[in-house]
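Order of writing sets the labels: A, B and C. Residues in every chain begin at 1.
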Amino acid sequence: MKFPKFQNRWRFRREETFNQMYLLGVQSVPIIVVSLGFVGLMMILELAFHMRLVLKHDALVPAFSAVLMVRELGPVITCLLLTSRIGAGIAAEIGSMKVTEQIDALKLLSIDPVDYLVIPRWLGSVFSACTLTVISIAVALWGGAFLATQKLGTSPGEYFNTVFFFVKFPDVLRCLIKAFVFGTLIPLIAAYHGFKCDLGSAAVGEAATQAVVRSSLAIIIADFLLTYLFYAV
Amino acid sequence: MEASRKWVQTFGGMILLFSECLSLTFQKKIRWQQVVHQIFQVGVSSLGMTITAGLFVGAIMALQIDVQLKDFGAEAFLGGLSTSTTLRNVGPVLIAFLLSGKVGAYTSAELGTMEVTEQLNAIRLLGANPVEYIILPRIWAVVISSFLLLIVGLMVTIFGGVIFAEFIGVNALSYVQNIPRIVTGWSLVLSVVKSFVFGVLIAVISCYKGYHARGGSVGVGVAVQSCSVTNLMLIILFDFLLSMAASTLEDIFRVGYL
Amino acid sequence: MILVENLSKTFGNRKVLDQVSFTIPSGQCLFVLGKSGVGKSVLLKHIVGLIAPDEGKIRVGELEVDVKDPRALQSVRKQCGLVFQFPALLDSVTVFENVAFGLRARGIAGNTDEIETRVKKELIRVGLEDSILEKYPAQLSYVAQKRVSIARTLAVAPDYLLFDEPTTGMDLVATSALNSLIQKLVRELRVTTVVVSHDIKSALKISDRIILLENGKIVFDGSPEKFKTSDVKLAREFIVGCNYGS
């Protein structure tokens, strides 16, 4: 029922969507890369400590670290970083549009503000979340490789062999699903707070802060639910 | 290159602000009443969020570790491993993330607004030092409340783990009994040190960013966002540095070898 | 007196102040006029050392304003009171604490009773009542907040009073009330007053002398009467605008 209209709208929104993908995704790359690099290093250290403690040998450290990155920390930390970058921005943008009555102006032009504002940002956010998660996991694994060769005495070859042996395709798929879900939560919660913002510039700041806090909590809760769904059911 | 110059400037600025506050503290110029007032403003309202986060983080880690251990039939170690990993790492980082979002954003927004409405200039002109009157109590308040909230949050993660363990059929008692066998004293120390360091980071970064906000309400927004991002990155960086330090010390003293 | 010599300041690629020089004798009420955004506030902030000039120097009384010398700066600021464009009241403390802030910070008044007396005196002088003492700034109207900020500045008894756009954003009734207050203060306290504004009517009404800034330079410097009959193009525009309103 919506299809013919959808194609017209898509042509109209395409530029805005790509714009959002660039703003939200591409510009976040340096921050994500640097941060997740360190997370990768940290994982090796911690797992080495625990493996030595429990199993007395550390041959499995690369494998476990990779698995935990892909299943858990990769999507969660990447998306928490994205929340502060894009969640606050979207909430503040939409909030100040509301305060300056631009949202009303859109409605009077028969443009649905949700369609015009939220959809491109949602697509941009999901795109960013998924691609950045993949990039960040790659970076973390590289960082881990570096540290593993220094501290654990494995060779890079061995490292990547064990990694690819233990990380299976379903894990990767679930990781992307998590990224997709988190990437959806961020703009939706942010836009909600933007739209419902009170008038006044202090309120815009409030909306942005609340958006970030609620998105972060939502990501953690959603992570729990998804992990349970994927691995315990 | 421009970006790295800015980073160096920011980092340097923060160290200067921090040392100014330290020296003011040693000169006994804190108004503790103000500090307590700020702690209530900022800390108490974050308690609910911290506890919720703690419960879920504890549960998530218990779940993930359980899945991994099942492959090896080593579920007996669930209690200890899950608690140890959470306390040493995942717990402080994730809870600090949330705190930087709430406490950090609130403080930087408040200070930023005071700066752009010339309140801090007015204080300067009346012959007082805005760092002493306004920033110092806030830094202390954020350090103390973040530290306490992190400790509370970490304790709650243990609860979260235990509750979840019961839920999936692992005996709660054996879960808890396993904890002291794997969680070493060093791990606890590391956890507390990280909580303190993250508290200091959140305090200094959010006060610095708010203090240096420029350019009206847009400037305040920029300051808050910059504060969030800087917080997250530096938390991760210091998490790594502290883990590295702990790892080196543990190697030296051969701690943690059963 | 205040001496400004060859003051220059550039922001980005805009030269906001270009070799500006003038002297303000004691007791004079000077209005600095210009279009919005021309750099009048910047000039004022130089005088109290909140901004450092690219070139030139400023002397307040006997002291030179040097941003790098904190002690000299403190002495200068003790003599100057600047009332900001925004009320700039500390929103986390009461009106009383706001007005008393300067007194406490400088250790001017001794015990609490003395502080209380002085605070009340200043509030009465700016036309406010005791009842607002325990209120917070957010609970007051914008005009009342402005009055409190003036009281705060007066409480430390400055030798020079500087106003940054005092009547901007206020309706005619409030503007006229504030003008009367400034006039009263100038007469009562006999302090040197510098008012930065783009409100030509107020300038014509209460100033002793008008300086007009355009593109970083002084294009007119003289009495209000001379201003009305001046040949300077910008001055004529201001006069026309003023008459158009009435």
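What to note about this one:
Throughout what follows, a contact is a pair of C-beta atoms (placed from the backbone, for glycine too) under 8 Å apart; a residue touches a chain by one contact, two chains touch by 3 or more.
Note that the structure is predicted; figures quoted are calculated from it, not measured.
Chains joined by the most contact pairs: A-B. Taking the mean of each chain's C-alpha atoms, the chain closest to the overall C-alpha centroid is B. Using the mean of the Cα atoms as each chain's centre, the chain most removed from chain B is C.
Rounded to whole angstrom, the centroid-to-centroid distance between chain A and chain C, based on C-alpha atoms, equals 51 Å.
Separation between the centroids of chain B and chain C, computed from CA atoms only, is 44 Å. Centre-to-centre spacing of chain A and chain B amounts to 21 Å, using the average Cα coordinate of each chain.
Only residues 30-31, 34-35, 38-39, 41-42, 45-46, 48-50, 52-54, 56, 64, 67-68, 71-73, 76-77, 80-81, 83-85, 88-89, 92, 201-202, 204-205, 208-209, 212-213, 216-217, 220-221, 223-224, 227-228, 231-232 of chain A touch chain B when the two sit together in their complex.
Remark: chain B residues 114, 117-119, 121-128, 133 touch chain C in the complex. By the touch rule above, chain C contacts chain B in their complex via residues 48, 50, 74, 77-78, 80-82, 84-86, 88-91, 101-102, 105-106, 149, 152, 156. On the chain B side of its complex with chain A, the touching residues are 3, 49, 52-53, 56-57, 59-60, 63-64, 66-68, 74, 77, 80-81, 84-85, 88-90, 93-94, 97-98, 100-102, 105-106, 109, 113, 168, 182, 184, 217, 220-221, 224-225, 228-229, 231-233, 236-237, 239-240, 243-244, 247, 250, 256-258.
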